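Here come two complexes built around chain A, the first alongside chain B, the second alongside chain C.
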Partner chain A sequence: MNAAREVGAIAWRSIRRTFRQPANAIVLVFPLMLMAVNANGLKAATHLPGFPTTSFLAFFIPFTFIQGALFAASTAGTELGRDIDTGFLNRLALTPLRGSALLVGHLGGALAQTFIQALVYLGVGLLFGVRFASGVAGMATLILLALCIGAGFASAGIWIALRTGSGEAVQSQIPVLFFLLFISSMNMPRNLIEVHWFRVAATLNPVSYMIEGMRSLVIQGWNGQALALGFGLSLAFVTLAMTASSFALRKRMART
Partner chain B sequence: MAAEHGIEAQSLVRDFKNVRAVQGIDLAVAPGEIYGFLGPNGAGKSTTVHMLTTLLPPTSGMARVAGFDVVKDGPKVRASIGAALQEAALDPWLTGREHIRLQSALHGIRGREQTVRGNELLTRVGLTHAAERKVQTYSGGMKRRLDLALALVHRPSILFLDEPTTGLDPQSRSALWMEVSRLAREDGVTVFLTTQYLEEADVLANRVGIIDRGLIVAEGTPDALKAQIGRPTVEAAPREPAQLGALTAVLGRFGEQTEAAPGAIAVRLDGKGDLADVVRALDAEGLNVQNLQLHAPSLDDVFLAKTGHRLEGDEQAEE
Partner chain C sequence: MSPGSMVSVALALAWRQMTILRKNPSLFVPPMLFPLMSFMAFAGGLSRLRHVPGFEFRGGYTAFQFVFVLLQSAAFGGVFTGFGIARDFERGFARRLMIAAQHRSGLVLGYALAAMLRWSLVALMLTLVALAAHMQIGGNGIDVFGLYTLGAIFNFIGLLWACGIAMRFRSVQAGPLMQTPIFALLFLAPVYVPLALLDGWIHAAARLNPVTYFLAAGRGFISGDTKDIALAFGLAGLLALALSVWALRGLKRAEQIV
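Right, the complex of A and B next:
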């Protein structure tokens, strides 16, 4: 059996089980609630000199995509953790399945979830007046970037699952990734952050550049540098997390 | 599916940090045989199965399954075996048929062959009516039957079943026994079955290996093992509890005292008399008993004789 078919089989299962769990619908709604609260509560920030747009919703909406991607990552890691816990991974290990196909296939559910979420967030944004400076192509690019970021976070979730072997452990460690989101430029452009340590932290935080890559598509148009940083860091994140996951899988699935 | 090669292991050892879970096991299972691996929790049964199914590398020793070395030829071993490991590992969100589809796809079975094989297996394990239901709605017995079907998807010549009936009701247990017997009898599949149930080993296995604390302490057909113990046990309970001492003295003339139910006395007959002699002796002493039983030797007696403790109810550390 070739690797593509193996990936397909694992992804098929991952997508099915992801969409059959009612709890994953809550994951879809929560970022929208946070978007609604922030878009109203922080809209005065648009009056600050130098703020790049008059719509806080347009400024904030990329964060919603990233938050959704993080939830999808939690799903991917938790599901794999449960597979280890219940012995399902042993069942898979007894087939000719390649380890790499397991990892990539497992991303399937997370990416499908990220994709559906992205479509919903995009639709809600457009409905409430967000206009894309980069046009329809920019919307497609934003979804593509959301998928890259989702793949990165999901790979991190998978790595945590393989290290700990427990779905519960994954859920307990996801808040650490959440912390990265909150010390980024999610609420304010970096040049307008007045607290020095926070500005430094947001500048060092790769999540800021992922958000800014998306944000550029909404409020600036086509900004090559912002997109290069957003895509570059996302893909670097995917590569790093998948490499770490490969090593962890070799240890976890120690078949001869 | 008929096997040309069975299972053999020599001096198989597995260490976990400071614990030696398996302490040098030798075994040989012939093609088409049902081999019962009997022992309490923590005896090393599952660790042995994990080594033989290539899921766990041995610390030392050698094992060949279906003619292939478990360390050097892992993929070939896996292609030849099916395994239903402890606790049916199933996805609660997938249906029975989807499980079979996934397992078939991963074994490279596609298209029409996949559909035909799936239907055949679902019929075989009696799950056709529940094939489109999510596994979370299945009973324990149904899960175990699906687990068995999944292990058979690629027509393995050797089947490993790790405590397949633990937690099942007697009816489900009996149905699974029938299916396992049929696999060996009609399809020539070699079955390596671990169990902590004496009855299961007795009913199902052609040969039994008794494992305790990582070592095989006895091996043979159930009848041969029981014959090693040889002598039956007589157990009696006095009508008046005050007569327990006198009863002990009388029974003591016929053999060595052994474990008995509370308020009763049991001796393993040493050949100086049979049940009729015991009855005559009790009558001669004027002792009234409310319960007098003759027990043929069981595998539990074999276990007790070989290890010094009972199998059932004697929990060791979890593996």
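Right, the complex of A and C next:
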């Protein structure tokens, strides 16, 4: 079997398993709930001098995509963790399957989930009055960026699963990934963050630039610097997490 | 069956739950970090909201958010214990436990005790971090005691809800059902700004939400400007009572499969 067919087989299995999970409906709805609540609960922030838009929904919607990407990490990691738990990975180790095909294939379910989530979030945003300063091409770019970020987080989920070997451990590590979201510019532009250490942490946090890349498409238009940082850091995240995963896989799938 | 047997079942189960947490830091540490992260993100990232016209709270934004995160950690402490109950059913331990326990309602009490102990550690950690972040406490000792008592009741409410779900579904896959309603209740309250600054549907939802009154009482306790205390404790008591029936009926359902 060539590499593409191996990737395809694993990816197809991953996609089917993802969509068979009823809990994924909640995963789809949860970021929407948070968006609805925060867009209204934090609307008062738009009265602050220097706030870049009068619509908190437009400001906040990129976070919904990032949160969806984080759930993709949970899906990818939990599924692989279950494969390790049940011994499926050990049985796979007896076949000539390439490790790289296993890793890339496992991203399939997470990416399909991210793509569908992104379409839904975009649709809901438009329905509730979000207008894209970058137009239709900006919407397509936003979905592409969401997929890159989803691939990054899903690769991180795969790495955690390979390190811990348990779906339950992946679930309990996800809050640590949430930390990156929380200490970012998700709720407030960095120049309006009052607490110094938080502003420094948000500036050092790559997730801030992923959010700001998306946000620029919604409220600014085409901002080359914000997009370059968003795409660049997302792709660097994918590369880093996949490299770490391939090392972890070598240990986990030691063939004798 | 004597009340003593119920207490001994509860104590034994609580001891087991705490031992599991002690031996599996990966089950305990991340859920403990979550409220700390929320606190840092909200109190640190959103403190400029206190400059929004109409924001009136004399305790400072750190104290304003501390109360929310404390109550959030209390409710989720109960929910995370519910995950443990579901796991016990999945692994067959709960069935063996039901056969062995003399007084099965002691099981609910035991899980509740474990949830309370678990939350106590989180609350302690959260308080230390908030004090390190120079949180202002305007209330006296009795007020602070009132705040933590409210948190303890909310922890019990969270546990009873999750316990009822866990005993009906008997699977960790029901986790989202345990978390999502609690999450919705928490975030449909005045989390970031006072109730007066909310408008539209979220203001209407917040007015009907009991958590709004828990937050108002808690924020009153910490700032020393107490209000809505009787209403908050009355609502909390009613919720705890209704959910006790919910959890015990869940136990009855689970007993049918033993």
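Some notes on this structure:
In this section, the second predicted complex is superposed on the first by the 255 of 256 C-alpha atoms of A that agree within 3 Å, B and C clash if a C-alpha of one lies under 4 Å from a C-alpha of the other, contacts with A are read in each partner's own complex, and residues count from 1 in each chain.
By definition in this document, contacts are C-beta pairs under 8 Å (C-beta built on N, C-alpha and C of every residue); 3 or more make two chains touch, one makes a residue touch a chain.
Not measured: the values here are computed from a predicted model.
Within the superposed three-chain model, A:V120 lies out of touch with both chain B and chain C [touch as defined at top]. In the superposed pair of complexes, A:M188 makes contact with chain C only, with no contact to chain B.
When the shared chain is aligned, chain B comes close enough to touch A:R91, but chain C does not. In the superposition on chain A, no contact is made by A:I15 with either chain B or chain C. Contacts of A:A169 after superposition on the shared chain: chain C is touched, whereas chain B is not. Comparing chain B with chain C, the partner in contact with more residues of chain A is C. Legend: residue contacts after superposition of the two complexes on their common chain; A:G41 is shown touching chain C, with no touch to chain B. Of the residues of chain A, not a single one touches chain B in one of the two structures and chain C in the other.
Interface of chain C with chain A (complex): residues 26-27, 29-31, 33-34, 37-38, 40-41, 43-49, 51-55, 172-173, 175-176, 180, 183-184, 187-188, 190-193, 197-202. Chain contact summary for the complex, chain A toward chain B: residues 1, 5-6, 8-9, 12-13, 16-17, 20-21, 86-88, 90-97, 254-256. On the side of chain B, the complex with chain A involves touching residues 53-57, 70-72, 74-75, 77-79, 81, 83, 85-87, 89-91, 93-94, 98, 102-103, 105-108, 110, 134, 150. Chain A contributes residues 22-23, 26-27, 29-30, 33-34, 37-38, 40-45, 47-48, 164, 168-169, 172-176, 178-179, 182-183, 186-188, 192-195, 197-198, 202 to its touches with chain C in the complex.
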